[in-house]
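Dropping the structures in below, format is structure tokens.
Look at the two complexes coming up: subunit A is in both, with subunit B in one and subunit C in the other.
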Partner chain A sequence: MIATASAPAPSPAPPARRGRRRTGGAGRTAAQVCAWLYALMLLLPLYYLLVSSFKTNAQIFSSPLSPPTSLSFEKFASAVSDARLDLAILNSLIVTVSSLIVVLVLALPASYALARADGRAAAVIERAFSLGFLIPTFAALVPTFLLAAQLDLFHTRTFLILFMPATSLPLAVVLLTQFMRTVPLEVEEAARMDGAGSLTILIRVYLPMVVPGIATVGILSFLTYWNEYLYSLVLIGPDRAQRTIQVAVPTLRSPLETDFGILAAGTVVTLLPVYVAYAFLQRRMEGAMIGSAVKI
Partner chain B sequence: MNLRWAACCCAAVMTLASGCGGPLDPKTDDPETIVVHSRFAPGTSGADVYAAAVREFERENPGTHVKNVYSADDIFNVFETARLADKEADVMLVNLYDKSFSWTELGATLPVNKYLKEWNLTDRVRPGALKAWTDSEGRVRGFPWMGFNWPVLFNTELLAKAGIKEIPQTLPALRKTVKALRAKNITPMAIGGNDWSGQKLLMQIMQGYMEPPVAKRVFAKAGFCAEPQAMHGLKLFAQLRELGLFGKGAQGFTADEMNAEYFSERAAMMSALTSTIAAVPKGVGSRTEVGGFPMPEDGEYSKPSVYTGATSTGIWITPNGRKKIGKVEKLVKFLYRKSSVQRFIDDSGFALGLREQKGSAKFPLVTKSNRVSEGEDVERVVMPDSLVPAAASAPLNRATSIAFSPGASPQKICRALDVAYRS
Partner chain C sequence: MATTTIPGAPASHDLPGDAKEPRTRTQRAPRTTVMAVPALIWYAVFMIGPIGAIFVISVLSWPGMLARVGFAGLGNYRAVLSDPLFWSAVENSAIQLAVAVPVMIVGAFMLGYHISTRPRGHQVLRVIVFTPALISASAKAMIFYGLFAPRGMINHLLSAVGLDGLTHTWLADTSTAFACIIVIDIWAGIGYTATLYAARLSAVPESVYEAAELDGAGHWRRMWGIAFPMVKDYVGVTVMLQFLWTLFTSAQNVLLLTQGGPGNASTNLSFLVYQKAFLQSDLGYSQAAGVLLFVFGLIGMLAIRRVFRQSY
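Presenting the complex of A and B:
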């Protein structure tokens, strides 16, 4: 009886399980195919850039996606020496890192204050920061240029270092405020009972707990600053000693005759620091995103 | 912990300090430095020769330094922005085209009439070049320096493969050549239908039926659809396009693709500017013949046509340059010197708008193209660049793309051209 009772019981189950597994497997395969296709779509331009860096113009135009016939790094060397990409990378790093420091120094205390304030004024200020998203970048170009000229900071990196944090401050404040709101109030109260002041609480309590948020703001701001072209071109100008990499690379293009291999190599060089930064901050940023998703 | 924070703070302060500090290049501006803004960025055509010339100038003038800044396509905008902030370079080496036509009139650059006389340089300039650089008020906008010729290159080996023994000089011969090349699956003519290269060829073919004064008026003020001579020329262009003169997808190509097609011997003909001719690979150059574009027998020109001009690069003096005029004088005189001019011709293949120069032995194709372009076997058509308003230059390139699109009627092309002038 036990045998009869137990024997037939598993028999109907397997078909159902097999069916479910089949459906899930097909869905998973489709999802994987889509993910791979998407990854390929993202990788294709990178692949094109990379292989073009080893080719002549004739090879680039006749067979754009074929692998290169030689792996000489001559075009990379030409790109670096012709456009002084070494100086340009250094300039870009100075501008980007300095701007990052300024934006974090300003955004962290502001976000802490907004996260912990519950008055009407705080809500208005927070919304005012959100309004910053509504200003189109291009619309601010002429007034910004006039300001730089008036301050006698035109054709200097200094102005860009002061200006770029202003453009990304709204996003940084809005993001960091949300992160800081996730810190339990009790932790802050405990710190205050131990005699900690607001600055100590921000540095010792909040900063370690919102590192994923800082990483998110850091990587987003880094990408914005590093890839910025229009303002860098207009405000810093063409001087090799000061220009950023995004301004330097287009000089590899000539209106009459361009070596696209050298141009591609120069572009690859500009991408490298972005990948390095992303590789450093990737886990923190993904952690922050997953954390937000779980909370939702 | 405190040590780590202190290290972070130090690094931050140092980064900020370096950001606010001066340029990384020790060659900063000073009264002994002439700042020159040009397109001679290292790696571009003629850059090595220019750099060598600058080094020689500095050797000859101890204590005087030349600081070079470079821009590419954006050179006009970069100069104008810098001028507004009173931070422009002292000298500009740039072509007379697009926005630069209005610089002298607006006071962004100085008229050089006075300096040409005072520095005894007037006799060095060819009269045609001087005329090209002079505006309607008699102001010479800049010191004429480099010029150009714009003939047509023919790959004789590809023509021979199609059974054509001589380069086409007449329109029936061109039609026969196109058909023969098509039969052998060879692209007859490479062109960048989406940029200036295509625009020039379109206007060159159009001029087949346009009297020079009419061409000048239409290029300056538009009215292509209303001008029967222009419409006749556009009809000829559309016929040649439908015959298969241009390669597949020409309407999307730029000059770079055009060059690649001709340089890799996939196309048998190309309309080429002097600097492009200098870049033709030696092997291809040895199989290249130079001529003009065949014109209709019932049209305005009895011989094949070419463009020539003296507006490639001029030496402009800016208001900041006036403050260092003594040093600028030395530089201009140096660049005008026979030996300097000949060096540019010999080593870069440039055409210069100055007197007493010999052809380049290193660039035989350029020398040949200069001889053909300035000779009796071709006629010179009106160069549109000095007539087309600056605001219409970029929109005209878009209209050109329509002209090179298969099936586009003369009416459609003329409408696109007229719209470009209203943009």
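Presenting the complex of A and C:
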């Protein structure tokens, strides 16, 4: 992993610089048709979800694709009160924001240390983190559940806040280490001459220079934490006061007769924060997702 | 490592003159490695520890959260390997991987290549194709719960075009339940993977294609003959990723949509691990199956690595 010391900062793919469009042809036309068919297959379910959230079951069943006749937010209100989505959103926010803070507090000093150390210990630690990419989180579900019980933190948000940052530490540490390596040594040396300690140097010198890396880690972690389902379900359980929105929304189904309008409205609520973030941070979000997969 | 250096100590204590080399090392290697320790502890406690514990639990007899724990030796493995349910779960996982991963990768590569050639409307296309990467597992499952519902959109559209014979109670029908799970994998997987390929392919120099174009190579040959070999090892990485995700994370879709049913028609390996632990409280069995799942994952990964590195 020392070999990556000279690797450039993990920026998203270089910008395309095509001079002119490539010539057409039957193959290309076919590809264009297929691409848009797939795009339609992606959009149609989302459209169906959105219009359903304004309709009754009868309307959904008889004309699934027609636009809603009224834009009343009644289904959203029912979803919120039926599954206490208000509490669930708050819980999700608490879990997401707290976990984000924990992961940054852990990963920033670690990646600074790994970027600047040249000993064997540091190389081994970095290797250990980069191997963490290959550990599927799901594998450890049962032992993690037992650990939560052991720590007496079972059925609490607290354990999830402690646990989830660990799952994104490998990515955060490896990504931030590469960003930290791009900071010129001279800057640090100058600060050290002035008698600054490592922590001061990290906060004053490095933090401002690795903001893009922090943003990338932040975006990826936000997505992971907000969207997490299985661990939240198992570790927090059904308690309305603690459960996250991803766990709350599926409870809107009923074995007798599901109100699909209410279910759709609840689902829209879980998607909103992510899509709002995407609307503002489109390029950055895509870059982060692409960069994270490239690093593996 | 220059372990003798003291953090922050001025280097001027060194002997003057020939001390230039140790001096730079002193400055370049302050003892900061210790700052990695908290992260390392966290990682060990919450990730490495639990992974190791899978192996330990798999040799224990643990018939419920509050039950007494005993030693089972290889008993759990014997129980797992002689259980027809385990083998049907293996079969389901194998089918799922054999269908979902190739369809996803080939589809995503063709789509990613197409986007990288910047066709008309490629910017809009790019945004649409990226959308599934943002949707959580539970939201995805709820969307498809609505689509596959007996009176949901899919059955409605089938009837509308006169294909009433093809309508199903998709999620409750033995013949279609597991196929629905696979469809969801593919639906979301193509888009995200295509985004990755499009980004990677946009780094291929235009001149490479121009030469081929002069030789009369069409879309198909440019895609598979030129673009594919250039990013082959990257494709290998994404195959590995999708293989692991499909193998391990599909427990959530199964749990949310079919609970492994009807019967055990949609029980795959990762759901079996979940089901045995949390619905049937047999932790030993669950973790023995978990170890086998882990081993399958490892073997698959090594095999994929080999296939995609072969030509190098």
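The criterion applied here is as follows: the second predicted complex is superposed on the first by the 224 of 296 C-alpha atoms of A that agree within 3 Å, B and C clash if a C-alpha of one lies under 4 Å from a C-alpha of the other, contacts with A are read in each partner's own complex, and residues count from 1 in each chain.
Assume contacts are C-beta pairs under 8 Å (C-beta built on N, C-alpha and C of every residue); 3 or more make two chains touch, one makes a residue touch a chain.
For clarity, every value in this text was computed on a predicted model and none was experimentally measured.
Between subunit B and subunit C, it is C that contacts the larger number of residues in subunit A. By the document's definition of touching, both partners, subunit B and subunit C, reach A:149.
In the superposed pair of complexes, A:54 makes contact with neither subunit B nor subunit C. In the superposed model, A:275 makes contact with subunit C only, not with subunit B. Contact with both subunit B and subunit C is seen for A:234 once the two complexes are overlaid on the shared chain.
Once chain A of one complex is fitted onto chain A of the other, the partner contacts of A:161 are limited to subunit B, with no touch recorded for subunit C. When the two structures are aligned on the shared chain, A:262 is found in touch with subunit B, with no touch to subunit C.
In the superposition on chain A, contact of A:82 is made with subunit B only, not with subunit C.
Of the two partner chains, both subunit B and subunit C are touched by A:250. Residues 60-61, 145, 149, 234, 250, 253, 258, 260 of subunit A lie in contact with subunit B in one complex and with subunit C in the other. Across the complex, subunit A is touched by residues 12, 15-16, 18-20, 23-25, 27-28, 37, 39, 41-45, 69-74, 78, 81-82, 84-87, 255-257, 259-261, 263-264, 266, 273, 275-276, 279 of subunit B.
Per the touch definition, subunit A reaches subunit B in the complex via residues 57-58, 60-62, 78, 81-83, 87, 90-91, 94-95, 97-98, 101-102, 145, 148-149, 154-158, 161, 233-234, 237-242, 250-260, 262. Per the touch definition, subunit C reaches subunit A in the complex via residues 1-3, 7-8, 27-36, 38-40, 42-43, 45-47, 49-51, 53-54, 57, 65, 107, 110-111, 113-120, 125-139, 141-147, 149, 151-153, 156-157, 187, 190-192, 195-196, 199-200, 202-203, 206, 209, 213, 218-220, 234, 237-238, 241, 244-245, 247-249, 251-252, 255-256, 270, 273-274, 277-278, 283, 286-287, 290, 293-294, 297, 301. By the touch criterion stated above, subunit A contacts subunit C in their complex at residues 12-19, 21-23, 25-28, 30-32, 34-36, 38-39, 41-46, 48-49, 52, 60-61, 64-65, 106-107, 109-110, 112-114, 116-122, 125, 128-129, 132, 134-147, 149, 162-163, 165-167, 169-170, 173, 185, 189, 192, 195, 197-199, 202, 223, 226-230, 234, 246-247, 249-250, 253, 258, 260, 263-264, 266-267, 270-271, 274-275, 278, 282, 285-286, 289-290, 293-294, 296.
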